[in-house]
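As structure tokens, here come the structures.
Look at the two complexes coming up: subunit A is in both, with subunit B in one and subunit C in the other.
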Partner chain A sequence: MKHRGFTFEKLKIASFDFTCCEGCQLQLANRESTLIDFLELLDIKNFRELSSEQFDDYDIALIEGSISRQDEVERLQAIRRQAKTLVAFGSCACFGGVNSLKNKFSLKELVAEVYPGMKVETMPVKKISDVVKVDLSIPGCPVNKEEVERVMVNLATGSLVTLPKHPVCFECKAQLNTCLFELGEICLGPITRGGCNAVCTTGKTPCLGCRGPSEEINMPAFVELVKARELSLDDLQEKIAFYNAFEGFSNHEA
Partner chain B sequence: MKRDYSLDIHHLTRVEGHANISITVKEGKLLDARWAVVETPRFFEVMVKGMSAERVPFLTSRICGICSISHALASIRALERAMKIEPPVVAETTRLLAMHGETLQSHALHLFFLVAPDFTGASSVLPLITSHPDLIKAGLRLKELGNEISTVSAGRCTHPVSLVVGGLSKAPEKQQLLQLRTMILESKPALDTACSFFRSLKIPEFKRETEFISLCNGSSYPSIGGSIISTDGVKQDENEYQLMTNEYMRDFSTSKFTRLSRESSVAGALARFNNNYDLLHPKAKEVAASFDLQAVCHNPFMNNIAQLIECVHILEDARELIDSLLDMELREIRTPYSPKAGSATGAVEAPRGILYHHMETSDEGKVVRADCVIPTTQNNANIGYDLGAIAEQALQEGKNDKEIEKLCEMVVRSYDPCISCSVH
Partner chain C sequence: MIYKVIAKSEFKRFTDALLRDNTSFGPRQVDTDSRGKAVYQFLPVTSSDDVAFDYTATASSAKHFFLPFREELSRFVFQDQEWDQQISYEGNPIVLIGLRACDISALNILDDVLLKGHFPSPYYLAKRKNTFVIGMDHLPLPDCFCKSMNHHTISTGFNLFCSDIGENYYLSINSSKAFNFLKECDTRDPIDDDNCRLVERRKIISDSFRSEVDVTALPSILDIEFDSPVWEKWGNKCLNCGTCAMVCPTCYCYSVEESFDTNLKGATRQKKLYSCNLVDFAEVAGGHNFRPKNGDRLKYRYYHQHRGFAENANQQICVGCNRCGRACLAGINPKDVINDLRMEKESCLTNISSSPDRI
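And now, the complex of A and B:
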């Protein structure tokens, strides 16, 4: 079929969800004005939330959510064996996401508080790449549908898939927003990968880093910035930990 | 004919989240009917412990991808009540509008993407794009409108950005509100298309008496806060939610169960309709009459129709909310506050029924204890009993295995279960 002048085969795609809110899958059905064209790109083989027909001959697997139980590990490994391209879809899949906040507590404490007296299986939250090889990551809480559309077109046409390298600040400034640091708030915009069109900061809410670190971040300088403005290091720590997206950038001071 | 029947569905499709259905009938007698949620628990109630109150709504909204606005607002309401914060009128009005957007989006997704295929013999919405193009266009139009209402009022439709403790971080822009108003007026034909389609369907005849629970404020169709009432005549204050839910666990399900006066009860669009019919917009009442739907209705399949009627109500009420926002100065949007120790419940009518968040704060404004009771949790027991009853009825009517399986799937879908949400 043809799309914007390109001839290509439809993408044989499947979508699977693990420990998550299913909000990223939901984005696939958003941007309704382009939805019917978007679906033209796809040959949906397996998408439990959408269809009762399920086939296992997919090439691309979108994986939403993080991993928190043994049966999920096995299900994910089986998908990995089938998929030519496995995509970590959304912040839970890419980084563990908000689910990782559970890892601060002991499993015993978690179960005892929520299911007192009941046996419930759970394990510390893992991101997808902790369990299987990930070919492509699309971060975001939720993912940005516009970006998903772009990536799918790239995959269909065999073009290189890239994510923006610049931080959220670029997109925030472009919208002429007042910097939240000027309003006395710690915002993770300077260290977070752009591509979200700065939706949170444009809504005057600080960035919590759902898209993970942008290229070449300088964490020590960022911590210095927070200190120089006499803002709370506890607040910084709470924000950095929110999506578990800055795991590799240990923040000794905060 | 007294025959044996068994049904075992692993990971039901076209619902949000993972759950199984199993039914066993021996010689015409029902032995067991089970609705088992197997979703992985996430432990949000523990995760919020020690977190600053201002951040908590951003975390709890992540309980659900479909009703994130309801979760954010349930937490915000609980925290504002716990810390004695009065949000400004602009914020209260904008929040009601955001709730409308979310419910419209959620109902449209359910009715057109998940339910319509059952009634047209399709396995998904995809074939309907070519077989029922006008219907799908109408559905997408309504869903898009819902998302647009949420985006204008909350900054983003999934995981809102501008709903904060104390009010709003940013007011909606009047230009955008005016555009929304036009969009709403232009969406009426889409709603008419949807109503004619659903009127043409044969809704399965099935009835099992149960108790319907919803919020009630006496002056408007319920949305944010109010008393909790039931069709069996129970009434409680919002803070006494535990007396309405009586939550309990079963070892086959990671989602909990609730009950009140009977063995099970129901929350959701039909529960709101049954308890608050008088407060619906006259146009919504007209549509209800065209479906012959009257309170109190005990057919769970009519929850689909109640959702459609709510869409009619939402379009009318959203326009009125927009008009009142257009008349206001959108300057005072956030009440400053100092952290305080306290505890309170925030109850909202999420698309699928009452959502309770109970929050306890410390003097430093950190959350020290949280409890969330999800609408689907309140429907789990009733879904189980309905499955048994509908299988028995279908067997008596001489339906074949395939027909019974389809009816069972359809009755579960009519509750619009939000499974991952119910295992938070």
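And now, the complex of A and C:
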């Protein structure tokens, strides 16, 4: 690809799934309007949802999912050794995600419930950065394809890669939505990173914080407002714990 | 200004024709909140039946019809070694019905800022010129304080303004377009009784305000109180969510982003409305942030709203609609913040010397 004297190399990319639903990777093949242009940016080395061919000379590794078995740790470490840029891709990779709910129970109890009578090796769920160094995070359940495109374009052109720093509320207001707190619900919009175009709250579903905390969240004030509206603190705690995305904040008096 | 009186049934006929033949927006109920109150927004309308004429106030202002939340300023197309910049200012004609006096005041303030400075905005101008504005008066909500800001009445900035005088509307016609449209309708010149009813209506509105904010000398108080602990106190409540600026009818600050198309053959420059309460509003290259603290950011919003900037001749730009106060989940509102700020200084009044005795 040539542009005004600059030559852009295609991004040598690979996509890997760990403990997850593979839904974030599936987003890569979504948004048909720009799909051909998007794939044009990429030299796909390994991505089982798109191609059965597999090569190991990738520069960028997209990691979907969290880590919940020892063999996953070893596989991830091998990817880390190869990848120049390792991307935590989706909420499970970034925060542990829904899988982290597992960590509330003992492993023995879990195996007995889910795989009764079977010998299953498992361990508490970890996010990717608990195991290897992460260069870039793209949160979301699932990731927003538009954002993924923007990140890939920026990587291809050598531009700065950033995530929005504002919370979901800001984007929700641009949709002229009625605030879900006004409708008596607890919504994590005020503390969750925007960039999703407030898709859930526009559908009148409270935000569960899949994109993690926005920059500089004010958790004490947020807990205060839930109390002031006499909403359930248990409900709040459950929502905050849903994606395990507010680890550093969730112990606040709520 | 030309004044006419129109029967409400005839006004309905007029609006039906106008809204049917033009892309139009007016207040509609979108929800009922958990306390049983109706929530309104300016949304598309195609007949007078769509319009909630008895609405109170919309949750969000009408600002975005003139300053979209996101707007493409220009497109760039790359060809070989060259590039083209494409700019389009066109705004499609629209009708906005049901704006309150404070909403129209807000447009006049935006006119001052965006059209009367050194660099008038052609994007704003195109939309403003192409919008037919019909105002409607209303009884204030308990927390409206537009009277304190002197924006509860309006004499300019609209095409047509309707005052509710019972069976009829008292029309203030402020454009030849509105006058010509109304030629097709049955209207009459106001008689004494109509004028009395208008004066009475205005008095009822004026007497109905329950909230007052003392804004006398506020710009200088804000200057004096630059380091006041009041900012930190309210800043600690702030969620940094930017909601206040989004629903505000006059907050016009924005950010600009340039991005490549996915095919790398073009690029776009987009403007999006932003808020000084957002954490990266004053962040610059290298990550330095001029206003890293909540209180600092909150203060700057109040400075811009109530002290003004040079662009608008240091006039306050708040119109007193209290949309920000209603929308703020943390309970931050201009009335309480400004009163707090005044009290802060008044608490030291005991220290000054007493007035000399009268001779």
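We take it that the second predicted complex is superposed on the first by the 245 of 254 C-alpha atoms of A that agree within 3 Å, B and C clash if a C-alpha of one lies under 4 Å from a C-alpha of the other, contacts with A are read in each partner's own complex, and residues count from 1 in each chain.
Here, a contact is a pair of C-beta atoms (placed from the backbone, for glycine too) under 8 Å apart; a residue touches a chain by one contact, two chains touch by 3 or more.
Model, not experiment: these values are computed from the prediction.
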Subunit B versus subunit C as contact partner of A:Q25, first or second or both or neither: first
Comparison of subunit B and subunit C by subunit A residues contacted: B
Touching partner for A:T7 - first (subunit B), second (subunit C), both, neither: neither
First, second, both or neither for A:P190, with subunit B first and subunit C second: second
Subunit B and subunit C footprints on subunit A, overlapping residues: none
Contact set on subunit B toward subunit A in their complex: 11, 13-17, 40-43, 45-47, 49, 51-52, 55, 58-59, 62-66, 68, 109, 113, 117, 123-126, 129, 136, 140-141, 143-144, 147, 155-159, 161-162, 164, 169-170, 249, 251, 254, 420-421
Interfacial residue positions of subunit A with respect to subunit B in the complex: 17-27, 29-30, 32-33, 35-36, 39, 44, 47-54, 68-69, 72, 97-99, 101-102, 105, 109-110, 113-115, 117-120, 122, 141-142, 199-200, 202-205, 208, 235, 238-239, 242
Footprint of subunit A on subunit C - complex, ascending: 30-31, 33-34, 39, 41, 43, 59-60, 64, 69-70, 78, 81, 83, 236-243, 246-247, 259-264, 273, 275, 278-280, 294, 327, 329-331
Residues of subunit A defined as touching subunit C within the complex: 1, 3-5, 8, 34, 37-38, 40-41, 149-150, 153, 156-157, 159, 165-167, 169-170, 173-174, 176, 178-179, 181-184, 189-191, 214-218, 220-222, 224-225, 228
